[in-house]
Amino acid sequence: MTKPFKKILITGAAGRLGSELRRGLAPLADTLRLADRVACEDLQPHEEGVVFDLADEAATRAAIAGCDAIVHMGGAPHERPWQEVLDSNIRGSYHVYEGAREHGVRRVVYASSVHAIGYHPLADHIRGDAMGRPDSLYGVSKCFVESLASLYWDKFGIESACVRIFSSFPEPADRRMLWSWLSFDDCCRLVTACLTAPHLGFTITAGMSDNRVKPVDMSHAGHLGYVPQDSAEPFRAKVEAKTPIQDPDDPATQRIGGWFVNLGHPDDDETA
Amino acid sequence: MTKPFKKILITGAAGRLGSELRRGLAPLADTLRLADRVACEDLQPHEEGVVFDLADEAATRAAIAGCDAIVHMGGAPHERPWQEVLDSNIRGSYHVYEGAREHGVRRVVYASSVHAIGYHPLADHIRGDAMGRPDSLYGVSKCFVESLASLYWDKFGIESACVRIFSSFPEPADRRMLWSWLSFDDCCRLVTACLTAPHLGFTITAGMSDNRVKPVDMSHAGHLGYVPQDSAEPFRAKVEAKTPIQDPDDPATQRIGGWFVNLGHPDDDETA
Amino acid sequence: MTKPFKKILITGAAGRLGSELRRGLAPLADTLRLADRVACEDLQPHEEGVVFDLADEAATRAAIAGCDAIVHMGGAPHERPWQEVLDSNIRGSYHVYEGAREHGVRRVVYASSVHAIGYHPLADHIRGDAMGRPDSLYGVSKCFVESLASLYWDKFGIESACVRIFSSFPEPADRRMLWSWLSFDDCCRLVTACLTAPHLGFTITAGMSDNRVKPVDMSHAGHLGYVPQDSAEPFRAKVEAKTPIQDPDDPATQRIGGWFVNLGHPDDDETA
Amino acid sequence: MTKPFKKILITGAAGRLGSELRRGLAPLADTLRLADRVACEDLQPHEEGVVFDLADEAATRAAIAGCDAIVHMGGAPHERPWQEVLDSNIRGSYHVYEGAREHGVRRVVYASSVHAIGYHPLADHIRGDAMGRPDSLYGVSKCFVESLASLYWDKFGIESACVRIFSSFPEPADRRMLWSWLSFDDCCRLVTACLTAPHLGFTITAGMSDNRVKPVDMSHAGHLGYVPQDSAEPFRAKVEAKTPIQDPDDPATQRIGGWFVNLGHPDDDETA
Amino acid sequence: MTKPFKKILITGAAGRLGSELRRGLAPLADTLRLADRVACEDLQPHEEGVVFDLADEAATRAAIAGCDAIVHMGGAPHERPWQEVLDSNIRGSYHVYEGAREHGVRRVVYASSVHAIGYHPLADHIRGDAMGRPDSLYGVSKCFVESLASLYWDKFGIESACVRIFSSFPEPADRRMLWSWLSFDDCCRLVTACLTAPHLGFTITAGMSDNRVKPVDMSHAGHLGYVPQDSAEPFRAKVEAKTPIQDPDDPATQRIGGWFVNLGHPDDDETA
Amino acid sequence: MTKPFKKILITGAAGRLGSELRRGLAPLADTLRLADRVACEDLQPHEEGVVFDLADEAATRAAIAGCDAIVHMGGAPHERPWQEVLDSNIRGSYHVYEGAREHGVRRVVYASSVHAIGYHPLADHIRGDAMGRPDSLYGVSKCFVESLASLYWDKFGIESACVRIFSSFPEPADRRMLWSWLSFDDCCRLVTACLTAPHLGFTITAGMSDNRVKPVDMSHAGHLGYVPQDSAEPFRAKVEAKTPIQDPDDPATQRIGGWFVNLGHPDDDETA
C-alpha cells in the first residue's frame, strides 16, 4: 500500500525521542530525513541524514525541501540560558515554519511540552489544551511556537499538532513520572496519530501514556485518534521503593510542571 | 422475564437501519410494529407491519395506538428537495410526536443526524450535544425535530433521545467513515440504551462506534449507558487501499458533516 | 450621505412591529418595500407596498428581487394551529431565505422570539443565545428558522441576526413585561444595529429594552452595537396597580416564556 | 517496602463501609486505628480500636493523635433528624478537622455523598464535582463538610478528597443502583487512590463503579488515579426481575439523589 | 397601592444593616417585624419588635408566624469562635428556614457574605455565584446556609436569594472597601430587588455598590433587577490619604476575602 | 497626597501612545522616566529621558534601575520583518522583564494588542482574555510577551496587566475603528487603572473606548477598574462619509484583527 507521505523530516532526530521516532515513523513515509546538530548513526536505506543547527535559517529551510511533513522535535529539550532558548527553540522553530511555508509542507507535528502549562495546579485537572502557564523560559518558548503554529494555520493553511509532551523516557524515573510518563512506543503512536489524523487545523494536545493517574483532562482530543497502550503502573513498585514520598507542600508536588517550577532563572544559574 | 415494552413502533422499518433494529430490538418488546412506506418483508410472529407515509397524519397517528415506545427512524435519510424534506421529516415527525401525545407514549428515540451539526470543524471536537449547525436542508429538518422533542418533553412529559447518527453502514465505505462509522450492532446497542436508560428527559447524543478517531466529545452522555463494542479500525487498511488521501483544504475534510457541506441546494440540483 | 441600503424588504410590515419599523428604518435605505398579507396604508414616497402570503413561494421570492436586505417580521406572531405555524413561519421563512439566495441578498434580520427559549427558568439567567428550549409550536418554528439561518450563512454566505424578541408592545401590559418589554423605539434601534453591524455571520441575540430586571445575560452580543434607551421602570407603578402579584408556583412566573408555557396544544384548543 | 502511612484513622470503622476499608486499606499503613461508637470486632495485630462519639470533641481529637491520615466515614449514613445530623455530621466532622489541624495530619478522605448533589437531574449529566444541590438535611451536612474541607486546605494546608459516594452496598439492590452502585472493592480502590494521589489540594469527586450507565461526568477527576474494576451489569437481570420499572414521572427516577428527594423533613417524620 | 407584603421579618434588625433596612424596606410591607437579641429602639407605628436569640428554635419559629417574607440578617457578623458560629449562624439559620416552612413563608433573603468565597483570587474575577471557597468558620457557616436554602427551594418551594454581601459600612473604611463597599442605600436597593424580583428560585448573588473596581463578574444576576446607585469613588482620595498602599504579596491583597484569609483559627485566638 | 509611585518607566515614550501617557500618568509618580530610541522632546521637571534600543539588554536593564513600575509600550508597533519583531518585541520585552526582576519592580503594564487575537471572528464575540490567535508575526510577538508575563508572575512575583490595545489613534480613521477605537484619554485611564488596581497577578484585558459596537466581551476584567469615558460614535458620520461600506466577504471585515489578517508574510513583502 502507498505510504501516506513521501518524505518526513524529523528534527532533533539524534535525540532521545528522535531516535525512537526513526523506528516508529518508518511505516509512514518512503523516506525519513533525519536532522540534528550531530550526525545520526546507522542510517538505514529509507533514511537520509542532514546536519545543521536550527539557528541557521538557510540550512533549516533547505532541509525541508522535498518533504511533505515535519516532525519537529529539535531544540533545547529543557531549561537553558535565554540565548540558547532563543536560538534553538524560538528562532529555530520560526525557521522550521518558514521552511514549511516555502516548500509547501502541509502538516507539522511539534514537540511542545508540559512546561508550557507547568504552573497549573495538578488538582485543577485542566484540559490538555488549556491556556499556557509556562514554568520556565523553555516553557515560554513552547508557548511561542504554539502561537506561531496557530498563525501558520490561520494565515498559510499549514496544519499543526502541538503535543505537550509530559515525560518521555525509557521508563518512569521518579514518582512524578508515574503520572507524567509517555512511553516511547506511545510517543510513536501519538506522533503517528497526529500525522494521519483526518484534520488537525491547529490542535493542541497533551502526550502521556495511559497511566492510572492522569494530570489533565483529555476529552478534547479524540479527533486525533491517539490511543495509548502503555502505563506507568508496572513500574510503580520499583519507583516507590527507590524514591521518597513527595513533600505535599513542595510546589513541585502541586504543579504539573514538577521541579521546573522550582528552578530559578537559568541565567542566574549560569553565573553561579 | 417481562420485557420492558409491550409494543415498540419502528418507523422506517424497511430501511437500512430499520431492518437491523428489527433484529436488535426484538428482546425489548412483546411486539415490534414495523412501519414504512413499503411493506416490511418476512414478518416474524412478534412483528406486525403497517404501511403508510409519514406525511399522512391520520395514518401515522393510528399506527401509534397501542405502542408504548417509538423508534423514529423514518423519513428522507439524506439531502432531498425541500418539499420532500418538509413532508417526510418535518411534517412526518410532527405527526409522530402528535401520535405519541395522543396515545400516551412516554419515550421516543429519534434518529437525528451528524448533519444537524455538520458545519462544526472536526478540529473543534465539539460536544456531541452541541448547538445545531446544520449542513443541509436535511440537517435543518433534524434540528427541527430536536426542537420539537424538547417541547414535547417540557410541555407534555414525553421523553426523547435524539441520536445524531454519524454513518451507519455495513462497514466503513470511505476514509471519513473511519471516524464516523456506527456499526449496525452498535446502532442496536445505542437505541437499546436509549429505550432502557433510567431517565432521558430530553437528551441529545451522538451515534458512533468505538472508532479510534472520535470526532466529538461524548463525556456528556454517560447517563444513557451506551457502550460501543465495534470499531472501524479493522477496516482501515482496506479503506485506505481503495480511497485516496483526503484533500486537507476540502471543507469536506475539515467539517464533521463531510461531503454534505459541499452539496449545493437540493432544489438547484433537481432542476439540473 | 449615501444610505447603507438601496432597498430593504420588511415582511409583516402591516403588523404591530412592522409599522414601527417603517418609521425606524427609513433612514437606512432609499426605499422600504413593505410586504404583508394586507396592504400597508399611507405609503410614503420612499415606500412601496407588496401584498402576498409568505406561504406563496413564488410571490415571496419575487418580492425580494431588487432588495439588498430583509427584515423578516412576518408570519404568525404567537401560538397558532400547526398548519398555520407550518405555512406562515416554517414554509414562509424558507421562502424568504430562498428568495435571499436567489437575489443575492447578503443580510437578513429575523424576528425570532423569547418563545424559542421559553422553558428556560428565569432564575437560570441563561445567555441570550442559549440553546433552544421552545415553549410552543410557535417557538419551535422560531428554532427552525434559526437553524435555517445558520445553514444559509455557512453554506450560502447570507448573514443573519436572529433576534429573540421578548415583548414588543406600546407599553408594558403586565408584570412579566416589566422585564420582557421591548419598546418600539428600542426595537427600531435593535434592528438598525443588526442591519448596520460590521459583521453578523450567524448571530442570535435577545431583544429587550434596558429594563431593570433582565431575564437573560446579554454579554455575548456586544458586537451588534445595540444600546437600548428605554425601560419599563416608568410603567411599573401603573402595571403593579392594575395587576395581581404573580403566583410563585406558576410555571408562567418561573419560566422566561411566561404564559406560553401554560398553553395546551393549539390544535386541541382549536377543537375546543 | 515502606508503607506510605504509619497510622490511618478510620472513623465509622464498624459501619458497612468501614468494615470493608479495614481490609482494603491494610496495605497502606502500619496501623489502622478503627474508630466508632461501638467497638470494632476481631481486631487484628495491625489494628487498634477506639470507641467514642464524634460529637465528643475531646475524644475525637484525642483519637487523631499519632495518625498521619484520616478516612472519615463516620456519622449518620442517611437522612436523620436535625439534631442527629448536627451532632454526628456537622459537629462531628468539625471535630475531625480540628483534630487533623491539632495533630498535623496532612490528608483527609471524607465520605461525602451523592445526596450533596441529589437534586440535579440525571439527564443533566453534571460533573461529579458540580455545585452542591442537596436533597436532604443529610445532604446539606455533606455540603457543609465539603466547605469545611475547602477552608482547611486553603488556610491550614490540610488536603482533602471529598468523595461523593453514590450507593455502596454488597450488590445493587434496586434499579437505581444499576447506575449508582459502588462495589466494596471499588470503594477501597477509590479511597486508596485518594490517599496515595500525588496531590489533592481540595478535590471533590464522585464514587461509583464502572457501571454501564453513568450518572455524572467524571472527566474532571483523572488526577486521583481511581480506576474502577467492578460493574453493576452482572446484577442487572437479577435486579430487573425483582423490581418494577421506575415511574418516569417520579422525581426519584429523574434526580440523581433517587428516593431521598421524596423524603419529607426528617423531624416531621419523627413526630409521625 | 397595595404593598407587596403584609409583614416582613427582619432578623438582626438592631445591627448595622438591620437598622438601615428598617428604613429601606418600609415601603414594601404593612409591618416590619424587627427581631434581634436586643430590643430595637424607636419603634415606629409600622414596626413591631421581638427579642430572642436565633439559637432558640421555638422563639425563632414563633417570630415567623404571620410573616410573608424574611430578611435574614441575624447571626454573628464576622469570624467568631466555633460554638458561636454554630449557634448563631448554623443552628440559628436552620431555625429560620424551619420557621419559614412551618408558617408558609415563600421568600427569604439571606445575608450571605463575601467570606463564603473569600479565598478566590481577585485576579480570577470569578462569577458572583461561584462555588464556595470560604475564608473562615464564619464563611463556612455562610456556605452552609446557602446549601440549606438550596434544599428548601428544591424540596419545599421556598425561594431564597443568598446575597454575598461584601462590605456594608457607612463609608469605605480602607483600601479594600474601595472595591468591596456596599452603601447602605444600595444594600436596601439590593434587598428590595430580591424581595420583589419576579422569580428567585434559589439564587446566589453578590452585594456591592457600583464601585469602579469590581471584584466579581455580576453578569449572572440580571434577573434580580438590582441597579446600584452609589460608588466608593468619591471616598477614594480620603481613604488613600489615610491608609498605606497594600502589600502586593499579602494574601489579604490578593484574595477577595481580604484580611479574613490571614486570620488564624478563632478558637486559637480565644485562648490567646 | 503621596503619589503611588516614585518613578515609572515608560518605554516607547516618544511614540504615539507614549506621548499621551507622559501627560496621563504624570499624577501617578514623582518622576516619569521616558525611554525611546530617540530622545523625547520638551522634558518637564518631573520627567527624565533615556535613549536606547530595547534590543540592547544592558541599556534596557540599566534604565529600569530606580523605577517601581514599568509601562512597556515600546517595540515595533505593527507588522514588521521577523528580525525586527524578534529584536524589538521578543528580545526587547525579555530585557524589560529581566530588568524588572533585577531591580525589584513589582508591576508591569504591557501594551499587548488585538493582533494577539486577530483571527477570532467578530461574530464569536470572544472574551477579551481569550486564548491567543495571532494574525501576524507582530501578533505572535505579543503572545510571546503575554506568556513571559505569566511566567514572571508565577515564578518571580512580578504582576502584569497585558492590555490588548485595539486601535489607539487621535480619532477613528476607518469603519473598523468605529468599534476598535481607544481614545488617548481612555488609554491613559486604562493604564492608570492597571497601575493602581488592587491586585493584578497576571491579567489579560482588552483596550477599547466605550464604543457602541463592542468586539469582545469584557465581563472578565472588572477587577481592573477601567471605566472608559469616550466613544467612537460622535465620529461615525464623518467616518462613514469618507469610507466605503466593508465587503462582507472580506476576512478583514469578519475577523477582529481587521486588515492584518490579509497581510502576507512581512519578509515576503520586504523583498517585493
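For reference, chains read A, B, C, D, E and F in written order, and residue numbers begin at 1 within each chain.
Quick note on the criterion: a contact is a pair of C-beta atoms (placed from the backbone, for glycine too) under 8 Å apart; a residue touches a chain by one contact, two chains touch by 3 or more.
These are the chains along with the protein names UniProt gives them: A, B, C, D, E, F = NAD-dependent dehydratase.
Worth saying up front: this structure is predicted, and the values here are computed from it rather than measured.
Visitor: Count of steps on the shortest touching-chain route from subunit B to subunit C?
Guide: Between subunit B and subunit C, the shortest chain-hopping route counts 1.
Visitor: Where are there more C-beta contacts: E-F or A-F?
Guide: By the number of C-beta pairs in contact, the winner is A-F.
Visitor: After a C-alpha superposition of subunit B on subunit D, what does the rotation angle come to, in degrees rounded to the nearest 5?
Guide: Between subunit B and subunit D the superposing rotation measures out at 120 degrees.
Visitor: Between copies subunit A and subunit B, are the contact residues mostly the same numbers or mostly different, with half as the line?
Guide: Different-residue interface.
Visitor: Could you put a whole-Å number on the gap between the CA centroids of subunit A and subunit E?
Guide: Roughly 51 Å, centre to centre.
Visitor: How big is the gap, in whole Å, between where the Cα atoms of subunit C centre and where those of subunit F centre?
Guide: 40
Visitor: When the centre of a chain is set as the mean of its C-alpha atoms, what distance in Å lies between subunit D and subunit E?
Guide: Roughly 32 Å, centre to centre.
Visitor: In subunit F, which residues are in touch with two or more of the other chains?
Guide: Counting only residues that touch two or more other chains, subunit F contributes 219.
Visitor: Would you please name all pairs of chains that touch?
Guide: Here the touching pairs of chains are A-B, A-D, A-F, B-C, B-D, C-E, C-F, D-E, E-F.
Visitor: Which subunit A residues qualify as touching subunit F in the complex?
Guide: 82, 86, 90-91, 94, 98, 101, 119, 131-137, 139-140, 143-144, 147-148, 150-151, 154-156, 261, 265, 267
Visitor: Help me check something: in the complex, which residues belonging to subunit A touch subunit B?
Guide: 1, 4, 106-107, 157, 159, 193, 197-203, 219-225, 227
Visitor: Give every residue of subunit E touching subunit F within the complex, in rising order.
Guide: Touch residues, subunit E against subunit F: 121-123, 125, 175-176, 178-179, 211-219, 237, 240-241, 245-246, 248-249, 253-254.
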